[in-house]
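In what follows, a structure is listed as structure tokens, so that the remarks can point back to it.
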Amino acid sequence: MKKKDLISITDYTRNDYLRIMELAAEFEKNPNQNLLEGKVVASLFFEPSTRTRLSFETAISRLGGRIVGFSDSSSSSVTKGETLHDTIRMVSNYVDLIVMRHPIEGSARYASEVSKVPVINAGDGANQHPTQTLLDMYSIIKTQGRLDNLKIYMVGDLKYGRTVHSLIMALSEFEGQEFHFIAPPELAMPREYTQFLKEKNIPCYEYTDFTPEVIADADILYMTRVQKERFSDPIEYEKVKNVYILKNEMLKLTKDSLRILHPLPRVNEICTDVDSNPKAYYFTQALNGMYTREAIIAHTLGLK
Amino acid sequence: MKKKDLISITDYTRNDYLRIMELAAEFEKNPNQNLLEGKVVASLFFEPSTRTRLSFETAISRLGGRIVGFSDSSSSSVTKGETLHDTIRMVSNYVDLIVMRHPIEGSARYASEVSKVPVINAGDGANQHPTQTLLDMYSIIKTQGRLDNLKIYMVGDLKYGRTVHSLIMALSEFEGQEFHFIAPPELAMPREYTQFLKEKNIPCYEYTDFTPEVIADADILYMTRVQKERFSDPIEYEKVKNVYILKNEMLKLTKDSLRILHPLPRVNEICTDVDSNPKAYYFTQALNGMYTREAIIAHTLGLK
Amino acid sequence: MKKKDLISITDYTRNDYLRIMELAAEFEKNPNQNLLEGKVVASLFFEPSTRTRLSFETAISRLGGRIVGFSDSSSSSVTKGETLHDTIRMVSNYVDLIVMRHPIEGSARYASEVSKVPVINAGDGANQHPTQTLLDMYSIIKTQGRLDNLKIYMVGDLKYGRTVHSLIMALSEFEGQEFHFIAPPELAMPREYTQFLKEKNIPCYEYTDFTPEVIADADILYMTRVQKERFSDPIEYEKVKNVYILKNEMLKLTKDSLRILHPLPRVNEICTDVDSNPKAYYFTQALNGMYTREAIIAHTLGLK
């Protein structure tokens, strides 16, 4: 039987997406299920990521599995010059599943080719973070009741933000979507994505202004962070740094059913006065990550 | 139901203290009890602390719980600029209990306000370390048979030592105590504590000399470390650095029932020739920490 | 009952070796056995070592035990100046078994003297790494069907390589061995080992050339890494650095039954074109480590 890795969001079909949504809802009702009894999962974080690691490790624990691994590469043999190939070959001998985060793009795919056991990509550099996309989708279906016919507004760094790219790919498998991209010109949505949407006849609109009027019609407002490091010219950064910040007062014109998502960690791109607005959903979104990751693990290992 | 955090030793009443003593004795008889089956505990150490972390994590393991977390903040999202608020809101979504160590005073109280699940403070800077106080009390009741009518001698850094401050607060809930403070003038017991004792009519005495005669009448000798960093003037440190060191020969005049406590780690403030003296109790005290922490966890989650 | 530490390979008798081989084979057939139910193992890695740590921690997990500990000393109280004595006394109070890796030679023996619970040495500096030797032996018996009458060829850094030294000691307990040492003069097998073999009438041969002809008759080819840091004169290193590298073409004259071992991590001393040769055994050897460590733990705690 072919092993079922999850490296890129496009490894999953529409049916996989729907299956994960169904399983995540099941795990939300009953998070503690002993499906991983007797199984050991390697949690290999070659760079730190509290949220993703803790939600994966909690998911594994709630499924009754054991965890071995490391939370940053300084405690690994990488410091001795071992190649990723050898580390993965070794670890895949010991365990039943590998969850891996690595700073280099493409490393997760490479690991999946080397490994005998399934690999779940928990983020490989600027490339892919598919479990984030699945938890975003679960947050959307939970709050909107559907994955189609959505008006999705994405704000901030749309150039380097891997989460928005993957979400576009996944949601475009469903009908009736409408995308709105709000970003400074330096961080605009790359042409390959706008082109992709055009070819699929999915409407998309671009803005540089982030105003209450622009987002009035949104079902989902997906915020991301504008990072100083992304700008070659610091003056350009100074110009835009306060433009893509969401304040509570900007939500007055929005729909009651709007929900605000953010992959977290947030720095200052959402003011804390938004946190108590019922439209703020990012902390619950993070919790959904635990159920979604239980679903992904169960699906990957064919336990459900 | 209000959640029962343990942030400061004064969060507990006299009855809580006695209940913890009772439970700790029960766990000492039978350390492995499956009370945390199916539960996940976050062990968030924003600064390293082997002893406290390992004894908490062993306690959780012996109770059948699972652990997620980190052992220093470099493996956490704090490095990405995430606030403590967001980290705690996120983690408290995943788990059933948070054990937290943080270098900043007040951080534990703040975390308990943000968290949905109970928080146990495993030390917040120079402020509080209540589980240490409870294990000190358990060590006292085990060795002296009582928590009242004690002659407590505290030695070393009484100015910054959070453990001695908390122990004074806790033991002053019991009758007939007598406190003796032995410290260099620069590190004397702060006035707020001597004043507090005076107001409660609890006798306390201060000394700068650490001699066999001074401690002859002690029931408990609580040693702490005099750290160079605490002194503004290095000459002052040089003057006192060898004065507050306990040597075995200094114990000749002391009672048979005396027991020596130290929160550990010790550097050189207790000579190793004391270790084999039956009055040395600090390693058993550390072991008591495991049972006491099992008791605190069970009490916090209402499992007993 | 005397506790059964494993600090040096010579702590074990010939019977112990054979018992471990037997148990390892049993765990290979059935890796998940709940022998450590209710037990807590301290995994104390004072320096990083992914392979050893992960295989130990997986072994403990597959035996149903719980793990506490640290993966490098920066998260431990060592940074506060605590002595190894105090750390071990404290930890041995909490747990049922200690697995320890430490950069200082002799530290493991010292820990075993301080600890109340058994200690397994997972490597103490350049001194000993006995569990590696036992997994090497298990790899030999699995592939050659015997532990005696072997032609063992060791290549590379034979001066500082603790794994080759221990393997010589262990295998010399069995009859009919023949040792061949291939190394640059600066890294030749120390006289104490060649002398030891001479006294036991075990033939051994030394070479500086690493050629296909030299290894044609080998049963086991044990590769190790030539590290730049070992040379006082960089020119000497430059001269030999490419001489002790195994390439696939060098294996043409070797026996079908030859197996290549390496303690890993490898850097460049075995070309990756060897990996797919059926004589390459180092990744399976690493896997054998898990079963062997399960065997060692069970043997140490008298669980089998």
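A, B and C are the chain letters, set down in written order, and residue numbers restart from 1 in every chain.
Note that a contact is a pair of C-beta atoms (placed from the backbone, for glycine too) under 8 Å apart; a residue touches a chain by one contact, two chains touch by 3 or more.
No experiment lies behind these values; they were computed from the predicted model shown.
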Interface composition of copies chain A and chain B: same or different, split at half: different
Copy-to-copy rotation for chain B and chain C - C-alpha atoms, rounded to a multiple of 5°: 120
For chain A paired with chain B, centre-to-centre distance based on mean C-alpha positions, whole Å: 41
Contacts with 2+ other chains: residues of chain A: none
Residues on chain B engaged by chain C in the complex (per definition of touch): 32, 45, 48-51, 54-55, 57-58, 61-62, 71-72, 264-267, 272, 283-284, 286-287, 290
Complex contacts: residues of chain C adjacent to chain B: 38, 40, 42, 66-70, 74-82, 85-87, 89-91, 93-95
